[in-house]
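Chain lettering (A, B and C) follows the sequence in which the chains are written, and residue indices restart at 1 in each chain.
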């Protein structure tokens, strides 16, 4: 059964139609890389899955719970908003610019959601958060504020924060684009480890090597539509379209 | 207006009902002054106690800044004004006056030993009327002496009109807000002579700060100053006025006014010649000259018969000490009051500011517009006026509503609460700007991160937005605290004894202006210094979370 | 309900108050100008001067920001003149004049606030942009004039506009030193007529309109100083026109 699926998502900003019916379905343990040049709509698509952007039309299923969005149906009713909050709790997001809460320490960032949104016991959350920090390799930074960390450390903290929510799936929105090249490796190593654990992941990225070696499926978006999709080995060996070929050669 | 008179108890021989509230300034020595222990004293104060006993009225005196007095009377907060009010026809359009209980003379002061230290006719008493003054040979003589000089007067007083009419063409006339200031400017040499009430000068010149001044020229009294000084009432408060009229007549008849006036003012200021309207039923013969009768001490010698001021330093210690007659306790209490008012106003302002900031940031155009109007209005209008509108306008409204609902007593807003609300409303306008700026400084991504884990709006606000707004707003908030602290000085018009009011009352009552203003300024500096320290500390703590490397720049 | 007579009174009051408006404006403009120059000097000294001078400037800022203007004005006007040294000093011809004295008191106070605003704005100019200026071979005065000042000015405007509005209101204290501006005249009318609320309403309307006009002017200035925030087309046109 699909853990996350989005079907026929449409989104427009004013006159511009950004997504023209994009679909994806992830089973448990899937790692899906979403590629595309800037403006292709890949980030918007990811944000639609988490409902940070409300799609104009389409259908989203997360852990068996389904939301159908259509013309004239805005996310206004309390019931719908509750549902969206519930679904978001199952999908943790890692942002390009980390978005750690700057007024909280790293540990506080990790337990904020579990304690206040999921109402779990504080002591249990702290123990779990410490283990997660250990895992991403920044256990010594637990009482520092985000501003004191390097970009790579901040992104690893953000990943730990996402994991602390015990999500069904992880969404990554260009997690390494804002990092210095020498810091990218640390973050990718953590992501690779998560993939090997069998986590379900949707990753918008420019890292071709990651897409190629870690993910088990690749989607290529162009102008709001899926232009190519399939296992990375096939796709990279034999690009189905000229544009995709140019894209991967442009990104080495 | 308000049918308050019906509520007043004097017909029922002072039994039941509420006390008659009498407002005075409490810093116009020797007429009315405040002792260091906070008790009101002076010629008028002692007189009114005598009158209330005569009327068997329960009276309560409140001290209030002059600027708020008329409005207080009209709002029903007080019933009688007592502040050496000169009765004039123009003022009668607004107030009812009792028959006069004093009628004083005016004279000049100049620097001792200066060319004008002894004007012509010094030591003599003149009686003038408005018609006779311009042609009077004495005035002509004074004109010759004052040609080309600068004459200092209190603005909008009856004396100002006389000076303008008779000397305006040959001398420079400069108007001051209060009598104390024209004295100081004669001392400073910006003005050559000052012209004011002789009783005021006699007390003022006796203190250390003004020892260099001397009375000069003739004592000018007579019909020219109008009827004299009377109590002020609401115009429809006929019964209260009638009671005071009778009591004043009796106090004049049995010599009480004379006795008190000689005790406090050193001369008899009894208005023997009664104005026609008030003269009914009292067959007092008109005094031949009609003016003030000097009881002793011809002018020219400023410091007659008054307690000589002590030596400078022990004097200062005594004035600001905590012993009997020392102002230390009053000033400390006033600092406490300022702190309380500021803290409470900041609290009110925080709530209002938060709401206004939210309105200005909201998607609703009407709310945004309303927020903007609030900000523009309360930052663009002088603070004093906002305080007036809320304090006096607001309580007039409350009083009217209470009467309309048939409430037996007039509720009114307590001075302190109204003052706090007024300062809070202004503080709110500035705080709103600070909070708005703080909100705009929050990284959008952090709010999005909160949404992405399913935080609802209320929790997002509480856990993520408000803590960050406060953090970014901290420096701006420090400024608003200082602004509010200083704005709290303006509620002195409502009579709340905070630092500014106590400074002014102390200065007026002791005539030691510089000492009190310096101490008042120092008290404010101490408080702003403390709040500044607190904010510096807080910013440092917060700064640790903001900076990339702790301790670095 | 107001009668014809009351309207007449309001009109007469408004006329009298408006007659005092030039005094208020004169006080405001003179003190803002003098205060601005003073503040620029204070800022420079505090950022560049010797430590003891910088400490002196901090003390100055503390005293003038921390105490009510009313007390400052009283002590400057009446207090200073009590010292014979001042009365016989070089500055007496200036200090003798009430208007000049009021302007000095207002300027001393606003300079303390403005210096803080300037300092904050200078510190907020990104170091990279200054470095970029240096990289083009700019230094000293040129760097200040072409890069730092425009950026800092733009940064300082919102806070400075608040300070300017506060100054307009602060001029209302000048009647303490015999300069009869709008509020002083209002108080004087109240002393003779006792019509507190009516007179103050007229005064409020004048201040509100004045402040509104000043804020509009600043908004225009802010708009002109921030071409980068405007729509692309006019900015490009301006840049094209300004090119030598």
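In this text, a residue touches a chain if its C-beta (ideal position, glycine included) is under 8 Å from a C-beta of that chain, and two chains touch if they have at least 3 such contacts.
Nothing here was measured: the structure is a model prediction, and the numbers come from that model.
Q: Can you list every chain that touches chain B and also touches chain C?
A: none
Q: Using mean Cα positions, find the chain sitting nearest the overall protein centre.
A: Per-chain C-alpha centroids compared to the overall one single out C.
Q: With chain centres defined as mean CA positions, report which chain is farthest from chain C.
A: Measuring from the centre of chain C, the most distant chain centre belongs to A.
Q: Looking across all chain pairs, point out the one with the most C-beta pairs in contact.
A: B-C
Q: Starting from the mean Cα coordinates of chain B and chain C, work out the distance between those two points in Å.
A: About 27 Å, centre to centre.
Q: Just give me the whole-number Å value for how far the CA centre of chain A lies from that of chain B.
A: Their C-alpha centroids are separated by 67 Å.
Q: Roughly how many whole angstrom separate the Cα centroids of chain A and chain C?
A: Distance between chain centres, rounded to whole Å: 52 Å.
Q: Mind pulling the residue numbers of chain C that touch at least two other chains?
A: none
Q: Do you know which chain B residues sit against two or more other chains?
A: Not one residue in chain B touches at least two other chains.
Q: Give the residues of chain A that touch two or more other chains, as numbers and ranges in rising order.
A: Within chain A, no residue touches at least two other chains.
Q: So in the complex, which bits of chain C are touching chain B?
A: Those residues of chain C that touch chain B are 62-63, 65-72, 74-75, 78-79, 81-82, 87, 96, 98, 162, 165, 169, 172, 175-176, 178, 180, 183-184, 187-197, 200, 203-204, 207-208, 211-212, 215.
Q: Inside the complex, what are the residues of chain B that reach chain A?
A: It comes out as residues 443, 445-446, 448-456, 459, 463-464, 467-468, 471, 544-550.
Q: If we count contacts the way the header does, which residues on chain B are in touch with chain C in the complex?
A: Contacts found on chain B: 67, 70-71, 74, 88, 90-91, 93-95, 155-157, 174-177, 181, 184-185, 187-190, 376-377, 379-385, 388-389, 392-393, 430, 433, 482, 486, 489, 500, 503, 513-514, 517-518, 520-521, 524-525, 528-529, 532.
Q: Looking at the complex, which residues from chain A come into contact with chain B?
A: These residues of chain A touch chain B: 50, 52, 81, 84-89, 91-93, 95, 97-103, 112-113, 116-117, 145, 147-148, 158, 165.
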